[in-house]
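Two complexes, one shared chain (chain A), two partners (chain B, chain C).
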Partner chain A sequence: MEIGQLFLNALVLGASYALVALGFVLVLNATAAVNFAHGDLVMAGGMLAVALSAVLPLDTGVPGLLVLPLVLLAMAGAGLLFSLVAYFPLRRGPPVSVFISTIAVGIMLQHGIKALMGPAEQVAPPLIAGPRLEFAGLVASRQALATLVVAALLIGGTALLLARTQFGRRLRASAQDPEMARAIGVRVPVMIAASFALGTALAGAAGLLFANSYFVSPGSGGNLMIKAYIAVTIGGWGSAPGALAGALMIAFFEVGVAAWLSSPVAEAALYGALLLTLVLRPQGLFGEPAGRRV
Partner chain B sequence: MAARAHPSEHRIQLMRRLAWICAAAALAAYAFAVADSYVLRVLTLAGTYAILVMGYQFVFGQLGALSLAQGAFFGIGAYTAALLGLKLGTPYILNVAAAVIVVVALAALIAVPVRRLQSHYFALATLGIAEVVLIGVRNWEALTGGGDGYAQVPGMALFGLVIPRGWGEFATVWSAAGLLAVLAWRLQRGLPARVHALAREDPIAAAAAGIDTGRLRFNAFLWSAAYGAIAGALAIPVVRVISPEVAEFKVMVACLAMTVVGGRTVIAGAFVGALLLYPMPEWFRFLEDHYLIAYGGVLLAAVLLAPDGIAGLAARVLPAPRSPGPPPAPVTDREADASPARPRGGAALEVRGVAKRFGGLTALEGVSLRVEAGEIVGLIGPNGAGKTTLANIISGQYAADAGQVSLGGRTLTGLPAFRIARAGVARTFQTPALAAGLSALDNVATVCAGVGRTDGGPAARLRRAHGVAAAALARAGAAAYDMETVGALPHALRRRVELARALALGPRFIVLDEPAAGLTADDITDLAATLRDLAEAGIGFLVIDHDMDFLLPLAGRLACLHEGRLIASGSADAVRADPAVIEAYLGPDFAASGGTHR
Partner chain C sequence: MVFAAKSAESRAADPETTACLRKSRATRIGIVPTAAAAALTLWSGALLSGALWTSGARAEAVRLPILAPTSGILALEGASQRDGALLALKHAPKGVTVERLVLDTGSSPQRAVQAFEKAVRGLLPVAISAPIFGPEMLAIMPLAKERKVPLVTISGTAKITELGNPYVFRFFPGDAVVKTAQARYTVENLKRRKVALIYQTTAYGQSGRRHLRANFAKLGAKIVLDEGLSPRVKDMTPVLLKLRRAGADVLVLQLHSGPTALIVKQAVGLKLGLPIVAGSAMHQPSTAALLDPAALKGVCAESGSSPISGGGARMRAFATAFRARFGRAPDAFAAAQYDAVTMVLQAVANGARTAAAVRSALAGGRHDGIAMTYKSDGKGNMAHDAVIVCYDGKTRLPAIVKRYHNVDGAL
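Now for the complex of A and B:
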């Protein structure tokens, strides 16, 4: 395949990974805990889009774009519920408890959805319907381009929300220093719940994008969670821009190695690269070392 | 020491043994009564999972390190044993041994780079390894048979004797589980259990107690691998089919759920968890293959409602003290006094030209300082001056960017924290770093895992460690609280326990980070008297504090840090009157012009 085509494919995959990783890192920063169910929430968003498209009249040219706001809203609610079940009861406990509780909820989501919708792969409606586009020798589905645009808008919107609004400043303050944030009157638990809502809404959007371009099955969550986890690790623990860069790097690595060798080799090589990174640069490729203060 | 209303250690041991025997008999009786080949098979496989979980308890239960490779160890163990039997026809017992060797060797290879990673990276690294294993067995078709795997794996045999299906396999697996339980118990009981608890609850405190947590993790990881391999190699001749299913993440999830539900740190919990959860797919047949929903539900419920598992719930009901009774020997016992003694005098603790930067921020620059044996030096400075950073560099928590720390001419810079603690430089923390779930005595006793004699059996070592700890608690003025759980002690006493832990190392120097903070005036007077006595006995102190009423009469010399530089040092009165010091604390308006450096 031509380099330009590979580049475009990797970019589209990277945009979807970036959306997954962004939601992951938002929750990570708010709670200092890994959300092991994040991938399953992405999958749930995709499945929700599939289910909605089956019941809604979507004979327009933009079926996915109509479903998107519903998925965002419903998944934000799911994120709140998720935090109430899997995070808040364990907030004062050791971080490893949250890790385990999210593993538990992830399994329940995965197998619950499998029970409801079957184990098969499903396809969500495309964001914009219509034939493929061709220019300069590159073939791009409208979906691919729409994925890039939607992902960029959602990531840009989140960045603006965090950087420019009072809400965003509060959210970041309570993530960086919960005690200080509380001292200046920020309601930290509300901010944590909001982070779950925002992170899970982004996960849902990512699921919608994935579920058209790459299909979605109840078992696809774990893999996506690992990708986000790796993106955050190589991008520098807790850094949102780092996570986005990490997600893009993973996508280019995967698409590149898969084209050169094969998909299983690409996946194995990704884990190999991850282990090397952890050993040689545990602070991430761009980050500063962050240890516990004593 | 007052007698306490605890059943004697001996009686508890007897009761526990009785409980084990009863449980084993009940299991055998149940299997015999039902005598259904299907039930036997389920119970046999539950036994292999009990072994898997016991292995996981080494690394996750004892040390709290969330490894996600335990399922992969099971898988590789199963593949190794099955493929050898299928392709080479080697005797079963050799296949099991080979499985252990392969898996442990692999674990050792992995453990070297990952053992020191922080918890979330350790989890990811082990998860990555598990994924690589799964990709490998799925795609290396020539070796593993790919996605379909192989059927007709040979059954168990022992020295040419074919072990019959059903009862034979049941007896073999459960005997192995029993033996491995005894081995795990022997490895974990006594001092190691306390050391593991400290390493799990507070790795930094463990390092301060001279404990090599990296090595503990390395060993635990290898033990978990060996148990995982045995479990896989025992399960596969019962199942008779080898396919990637044995290496899938759901094995890991089942193992994690059994460990959390049964109890993370108690060996009996492995059996409870495996026997309760392994048959669950049978109990939830109406859910068909969606029983994993129930697995997730049980795991979630356990984490939320019974974080110590069923074994933890049982321990609350049954009389099982977390630590055995007080040491039988009085604290003046010779053994206790023989706590690691060192030749006194001579050697000084010396800091030369130390610098530390965090990114663009310079925390310390060109700091030099000397503490003589038996001397108390006070280190003062406004908040953010770099005092704790200096303490962290002396004790090895941080690496210095430049300069050197030495003890009597021996360079300490570059040594890990636990080695510096063993070398004779102890420290305490701003917020006391202790294992909240352990008694004061046990907290201090952990020190004996790293320093002092290592001969004798587990019971003798624990007794000796308790002797050393009791003596140290007495010197720190906390002898009366030895059996109290540290989490229940007031702040001032926790500081005493931390001081006792430092003393138990037999140190030449102790760095105290704000020892008077949060103490009442009476407590402070007591503490000052204790420190003076200890200095009298030859221990040198570097005391970081803000409380001048405490520090001035106590310290022979003061040193003042400001913005990472040492701006004054000398006699207490001279430093207090130094214009640079006044300026640092009160701002330029209050000070005479021109800073001095002496």
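Now for the complex of A and C:
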């Protein structure tokens, strides 16, 4: 039964990591540059959920679900703003300019939020409130199960958007070959801005999920950024399915290996697996369809 | 167990508190013209030194820089420390004017060294309110010895007073004191002898672990699980399942604030049903705020003091003034740093105007603070008392259930 409990917990953690990694890879594909502020945008989404829960009347059984659409919308707007500040003014410069600017904006976010909300850890409202559920010897909070469902819906919705809509096809075309996309009339800058909006909205949703289950503080973005980077490197640079697989793998290391050995060993083993992947399969588990490593 | 703690807010009508607040308002009104001059001084000072200094009458002022980690892993504790020091400067004895410099050490030894260098530039400070983070202290201690400037800190890391540095004064009970209280309460009061010891893999965690292991061995308790956790760990289920398998009858923690709240929350989720005796992070109001009051039932923590749990009139006045100034409840770290800086300022008021004179006053003096009585044990350990606080599962206000006086016999 312990194995079942660990599997369930790893799945829930992996679902949240997957949202972080998916948002990261969308921007990576659109711009061919790493957004080093992505972890801080996840943190900002969590803090926004905390702030909204303090001002909105949320005496319902689903406080987090009520906050979620607001977080998605606000963070999509923040993504657009982010692209205007940290990407578009520098996109014709050397690639290093963009990732330095994303680092700078990330640090500004950290300090700004710390000034507004203090350095302490905060907790966001659960998606669904209520007592824990028990079945077949497993214990799960409603939040954990809701996390799985919300993450699956957001990831599935993003996949459908990219695969089945004209907008999604334009997004992918802009990411895969901007010159060709421009030649056939796609407004590439608009698609890049939309990628920032979508990726940041997913980051915000991940922030909301993390901020209830694992708390959030102004400094918590850095670690999530590293996790997203590892997920994308292991899964395959620029591959959305690879990022999801990489995110789940991280969670299974953190929960499974920690249960078998210990948490410091699990962390070391994860980095060992990363190195092994880079040596044996540099393109990652799902290849490298687009982009370049920075 | 009786939990008799009253709401701290209900004591706000205390005459001493009211007087303190009235004095604070009067000071604010009277200081307006001085503030304009201070702003000019700040501007010119910043231009000359590149640092953010504030001062009153600059010619007579002494320097007492505040170095605290207000970002990074120890940001929460660092902010408490900084604000305790700032409140002490605000309540400085009559006739003592202090030039202030507040620097963020970023929970990084490297940044702490840079901050120290900035702090000692120019006229030597009479003392430095030094960071709570042990690795930062270890980095700046040799520099303080070289420049002969006393450091007053609340770092719990045992090693800082074990290196024979005469310029270090610790005002929060070190691990030799609080870990003794934590272990004794676990064994003597809770009657638990099969201990699961979970510690952070940071210097703070390792130091506490060393003292807890020694104390449990002395008390005849068995450690059935001894495991370190990185502060980045999100899911605590693996370690919780391990300790259940190991047959532990108590969970003893030496973790930072966030991980402490996380493991308590997840232990409740797994229906672990074991008492938890945590480190000082659990006494902090901001840690308790992360959890439902029901999840806190049966959770205890060691600390130097617990300002929100009550105490004497001076402690209540401190708690009220802290809330009024910073908009949040104080914790033991804020109270201890308040006491540390107050002892320095009283030494200055008594005529100690140089770093050497202040060092002598700290090494040989005795200070009746708001949290406890402080006196050096010859190694710079000034605090020798500890308390155990417990939550009743109904509120987030812990009650002091046990006091340990003069634990190391230094008083």
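Methods note: the second predicted complex is superposed on the first by the 285 of 294 C-alpha atoms of A that agree within 3 Å, B and C clash if a C-alpha of one lies under 4 Å from a C-alpha of the other, contacts with A are read in each partner's own complex, and residues count from 1 in each chain.
In this text, a contact is a pair of C-beta atoms (placed from the backbone, for glycine too) under 8 Å apart; a residue touches a chain by one contact, two chains touch by 3 or more.
The model shown is predicted, which means the values in this text are computed figures rather than measured ones.
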Review point. After the match on chain A, would you call chain B and chain C a fit or a clash?
Key: clash
Review point. For A:V96, is the partner it touches chain B (first), chain C (second), both, or none of the two (neither)?
Key: first
Review point. In the superposed arrangement, which partner chain does A:V255 touch: chain B (first), chain C (second), both, or neither?
Key: second
Practice item. Look at A:E2 in the shared chain and tell me whether it touches chain B only, chain C only, both, or neither; answer first, second, both or neither. Key: second
Practice item. Tell me which partner A:K114 touches in the superposition: chain B (first), chain C (second), both or neither. Key: both
Practice item. Could you tell me if A:L13 is touching chain B, chain C, both of them or neither one (first, second, both, neither)? Key: second
Practice item. Check whether A:E267 is in contact with chain B, with chain C, with both or with neither, and answer first, second, both or neither. Key: both
Exercise for review: Kindly classify A:A104 by the partners it touches after superposition: chain B alone (first), chain C alone (second), both, or neither?
Suggested key: first
Practice item. Please work out whether A:N35 is in contact with chain B alone, chain C alone, both, or neither, and reply first, second, both or neither. Key: neither
**Study point:** Overlap of the chain B and chain C footprints on chain A, listed as residue numbers
**Key:** 110-111, 114, 264, 267
Practice item. Write out the stretch or stretches of chain A touching chain C in their complex. Key: 2, 5-6, 9-10, 13, 110-111, 114, 118-123, 132, 139, 141, 210, 213-215, 217-219, 223, 251, 254-256, 258-259, 262-264, 267
Review point. Can you list the residues on chain A that touch chain B in the complex?
Key: 34, 85-86, 89-90, 93-97, 99-101, 103-108, 110-112, 114-115, 222, 226, 229-230, 233, 237, 264, 267-268, 271-272, 274-275, 278-279, 282, 288, 292, 294
Review point. Of all residues in chain C, which touch chain A in the complex?
Key: 70-73, 75-76, 78-79, 201, 227-230, 232-235, 237-239, 241-242, 245, 257-258, 261-262, 269-271, 286-287, 289-290, 328
Point to revise | Contact set on chain B toward chain A in their complex | key: 64, 66, 113-114, 117-121, 123-125, 127-129, 131-132, 135-136, 138-139, 204, 249, 253, 256-257, 260, 287, 290, 292-293, 295-297, 299-300, 303-304, 307, 358-359, 388, 392, 397, 429-430, 433
